[in-house]
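Each of the next two complexes has chain A plus one more chain, namely chain B in the first and chain C in the second.
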Partner chain A sequence: MPKLTVNGKGVEVPAGTNLIEAARTVGVEVPHYCYHPGLSIAGQCRLCMVDIEKTPRPSIACNTVAADGMVVQTETERVRETRKSMMEFHLINHPLDCPVCDQAGECWLQIYYMKHGLYDPRMKDEKVHKPKAVPLGPHVILDAERCILCSRCVRFCDEITHTGELGIFERGDHSEIGLFPGRELDNKYSANVVDICPVGALTDRDFRFQVRVWYLDTAKSICPGCARGCNIEVHVNRRRPHHAEGRRVARLKPRFNAEVNKWWLCDAGRYGFGFVDAAERLLMPARRQGGTSTEATWDEAIAAVAGALRRLTPDQMGIIASPKMSNEDLFALRRLIDLCGVRHVAGQVPPRVPGDEDDFLIRADKNPNSRGAELLGLGGDARTVIEAAGRRRLKLLWIFGHDLLASALPEPDVLEALRVVDTVVFTGSNANWTSAHSHWVLPAAAWVEREGTYTSFEGRVQRFRQAIEPLGQSLAEWEIVTRILAPLGEAPSATRAEHWFRQLAASVPAFAGLSYQLIGDSGRPLAEAART
Partner chain B sequence: MSHGQPSTSNRASAVRAGLSDPATTISFSEAQLGEVRRLQSLYPDARGALLPVLHMAQETFGYISLEAEEYVATLFDLSPAHVHEVVTFYTLYFRERPGRHVVAVCHNLSCHLAGAPGIIAHLKDKLGIDPGATTEDGRVTFLTVECLCACEAAPMAQVDDRYELNLTPEKIDRLLEGLR
Partner chain C sequence: MSPMNLRQRFYLVEVLTGLWLTAAHFFRNMGRHTARAFGRKGTSGAVTIQYPEERRPYSPRLRSLHRLVRREDGSPRCVACMMCETVCPAHCIYIVADEHPNPEIEKVPRRFDIDLGKCVFCGYCVEACPEDAIRMDTGILEFSSYSRGGMIYSKDMLLSFEPADASGRPRSPIPLPADRRA
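Take a look at the complex of A and B:
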């Protein structure tokens, strides 16, 4: 392991580490544009210059491997001058249109100009003009004048998605990023180029012009889009709600996790949050009688469901849980199932169209917590429960989230089951055909409106935090279940999801030893024995 | 550059004359494909052969159309965007069908000082087009280019694959006479 010094601080790094990363380990930030730890090295932007003792000229830190005895200086007069000149080059043809640029506030041209530029512009000639506001595909839009030709986006498409859509065309100051004529940037991970573009050249068509980034609040979360459990940040617009027309979630961004998704996120996950602020959200408990639906209070709804659970025999009750529920929700529900002895229990509803999968992040299982559901015995196929209902065994059927009428379950069987069961209860965040056929609807908070944990297909338990308030009167599923447990004689003191997690960790061996604190921001694997 | 090859010229003139576009099928012969493989084997990374193969494409198809770029991309297992990068970077690849002759006048320093602006103005006048364009009848493509390494005989131009040195307006007139 080479030992070197950076700005006088000694540091030892693994062989092969470049000087940007070596400096980072002692808290020294070397400004750079083209270097990205997830991509190959291009050495294109020349901003990362540092002085190395016994080297006649400044060298680029991104493409210099740390060597034993190296003496690196990142803030010499010469380095600062070089940086300033490089900033001037990068901005020669830049339109300086920050007031109308969506990147403002998270733009590395702005940040580095203030830190390392601050020169008086000397450019007198007309700037070179290039294409503006060009949609590259469904999610990404290009302003070629703002591009600094770092080639990160090109390398992403070459090295990560292997789709090669982007290139740098023409030459000299006419060079510009673009697509082969007639093609689109439409791979399944296309929007990652927006994240890695250090400037305002590539922006997000969905997010653009919604809200200035400095008005955003963020919460650490997990993508609920599939079993991978990519780590994300939820960006919400709480401070400028009047600009958002009722839309609270402004965007999702990938959050680095070396073990799960690295820097990346698929487009389906990134844009999969539309349901949170959709018109179909269920806001109030409701009861349907003779074809008409009326609002009810939580007290009435809880009393009705608890009453049925108390009255009926185990064989008369069926529950279809959901692998979209958190570990806490499922554990609370498990407690209720055991308490009442509910006999007909399942969790998986086969999808009508099988999910797509690839060898990168996307998993065919579009549920974030199938593994957790399995470990809690709630992973069974819903077919068995529907069959029991069809045989007129069930008097109560409680369905969590699923739209049974949009699944691979035979529609006549489902319709028959919903028709013959006396009390059909639906708990979910959004209305669907199944909720429309239910006698009681208990509105659930969306994942960004509450906290909890999911267990990924690899057996990693990961926390998601609350970003916004639950809409209407909706509640987290664990909270609904907790309220129903009380009249059944079990009065758990759970006022937070964490209470249920503690009990889960204490009673299910796979989760033994885990706690919210331990799971932290980057997740923890299940106990050894439970990993597959 | 492929000028002077009769087959290319005839096809070009047919197109200009409004006859049916010969709709060249973009593919190399077996022999050419063998040559592609030979060129690719000369480089540690087969991609190194992209330039000569693009020249082959230009000679075969008259110019490098987008279809030709896509075809060449398949021979290299590259995305067409990366072939497009190379074609747009270099000036010696024609992205549109050139005229039967190409007149490329140097407008770099030595030639400029020795009177290139007058030569260029004269050509504009004679041909009735600006640099970068092709005459209506498809006879001449007129270009200005950077230094061609013949400063000692400035001002100069490359006409098809010959250098024409120490140019004067009279010499230009004679040269144009000879371009049919």
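Take a look at the complex of A and C:
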């Protein structure tokens, strides 16, 4: 383990660490564009120059491995002068139209110019003009003039996705990023190049011109798109509702987690938030009688469902939970199932089309909490419940989120089950075929509108936080269940998701020892997963 | 507040004091105007400007109703960068951006509304604009409406205004919001 000094502070780093990472461990930021910890080293931007004692001139920190006894200075007069000159080189052909550029506000050219540039431009010649607004694929659009040729995107497509769509073409100051002939940037992780692009050269076609980034608020969250549980940041626009046609969730960005997704996020997960602000959102509890649906109050809806639960025998009730619900929701529901002795319980509804999977992040199971549902005994196949309903054994069927008519379950069986059961209750965030066939609809908040935890397929419990207010009168599933538990004799002890999680950790061995504090921002493995 | 003394409570004295003040101004102004009429210089009486037929001279820096500057082809110079919307302390500017067919321009406002019912006429939007696309030089000071909605000026209205002439008089007709048109 080499010991070195960075700006007078001693630090010991693992062998092979470069100077940017070594400086980071003591809180020193070395400015850089082309270096990315997840990619190979290119040494192209020449911005990360530092002074190393006994070397004649500044060296690039990204490609210098920390060695024993090294004395590194990142803020000498010579280093600052070098940085300033490098910034001047980078901006020679840059259009400097920051106000129009979608990257403004999160652009490293802007940030480093304000911190390390601040020179008067000396170029008198016309800037080199290159293609602008070139769509590279379904999600990414290129402005070659703004590019500083750091080659991060090229290395990403070569090293992470191994698809190699991008390259640098032409020579000298006419060099530009582009697609190889006949190719399109359409791999399953293509939008990550937008995140790693330090400037406004690659922007997101979905987000472009929708909201200025300084209007956004962020919340730490977990992608609900599959069982991987990639860590994400939800960017929401609460301040300017006239932007992006009133959609509150502006975009999802990957959040670094060394154990799960590193810096990356698949495109399916990144653009999978559309349902949150969709027109099909359920906003009010509703009752359907004789083909017409009327709005109801929460009190009426809860009294109706609780009345049915109290009146019926355990064999007459069926509940289909969902692996899209959080651990807290499922545990609250488990409490209700145990209290009423509900006999017909399931959680998994097989999808009509099996999900795609790869060897990187994407999992075939498109539910974020299948592992949690299994641990709580709610992972059973819904087929058994539908069959019991079809045999006219059920008087109450409570379905969470699933669209049974868009699943692999045989459609005649589902329609028959929904027809013969006296009371079909649907709890979910968006309307679907099943909700249209239900007698009671209880609107649930979307995952960005509430708190909770998911258990990934690897047994990692991860927290997601509230980013926006629930739409309409929708409530988190745990809160709906808590409100129904009250008239059944279980005093409502939970006013936050965390209260249910505490009870979960106390009573389910797999979750023993976990708390919201311990889970923190990066998640914790389950007790059983930690042992193995 | 301290209690009124006897003199103040004795209503008539205060009324007469007030009337004396008004009358003093009246006679002083009359004397001055008469003196001026006979050619005396150096004194001037109070002046009444017959607004709206007459207008007092305005400073060239006056901030009047906004206008959006046009390109040569009549399209807005604005590139929907949202600098004015961001800097506006009253949050009275509403811009929605769209892709411009010309990639050199790149961005164009689909909607550009100013809610004059909220505007505080600080002029920050003019200062912030990197394209000199919004100005407050129309010289138009009279805009009123019977409803809040009538105070919202759309992109097309803002684009139609001309700058004031050299004397500061508006060249565009004073806009009549929809709810005031006969």
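Here is the rule we use: the second predicted complex is superposed on the first by the 528 of 532 C-alpha atoms of A that agree within 3 Å, B and C clash if a C-alpha of one lies under 4 Å from a C-alpha of the other, contacts with A are read in each partner's own complex, and residues count from 1 in each chain.
In this section, a residue touches a chain if its C-beta (ideal position, glycine included) is under 8 Å from a C-beta of that chain, and two chains touch if they have at least 3 such contacts.
Keep in mind the model is a prediction, meaning the values are calculated, not measured.
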Task: Overlay on chain A: chain C relative to chain B, clash or fit - done: fit
Task: Cα-centre angle that chain B and chain C span when viewed from chain A, reported as a multiple of 10 degrees - done: 90
TODO: Scan A:183 for contacts with chain B and chain C and give back first, second, both or neither.
DONE: first
Task: Partner chain in contact with A:383 - chain B first, chain C second, else both or neither - done: neither
Task: Which superposed partner A:164 touches (first chain B, second chain C, both, neither) - done: first
- [ ] Determine, under the contact definition given at the top, whether A:243 touches first (chain B), second (chain C), both, or neither.
- [x] second
Open item on the list: On the A-aligned overlay, A:499 touches which partner chain: chain B = first, chain C = second, or both, or neither?
Closed with: neither
Task: Contacts of A:262 with chain B and chain C, given as first, second, both or neither - done: neither
- [ ] For A:133, select first, second, both or neither according to whether it touches chain B, chain C, the two together, or no partner.
- [x] second
TODO: Would you give the minimum C-alpha distance from chain B to chain C, in Å, for the three-chain superposition?
DONE: 25
Task: Overlap of the chain B and chain C footprints on chain A, listed as residue numbers - done: none
- [ ] Mind listing the chain C positions that touch chain A in their complex?
- [x] 79-83, 85-86, 94, 96-99, 103-104, 106-107, 111, 130-131
- [ ] Name, in rising order, each residue of chain A that touches chain B in their complex.
- [x] 158, 163-171, 178-183
Open item on the list: For a test of understanding, state which residues of chain B touch chain A in their complex under the given definition.
Closed with: 66, 69-70, 78-82, 84-85, 88-89
Task: Touch list for chain A against partner chain C, complex - done: 99-100, 104, 131-133, 208-210, 212, 214-215, 240, 242-243
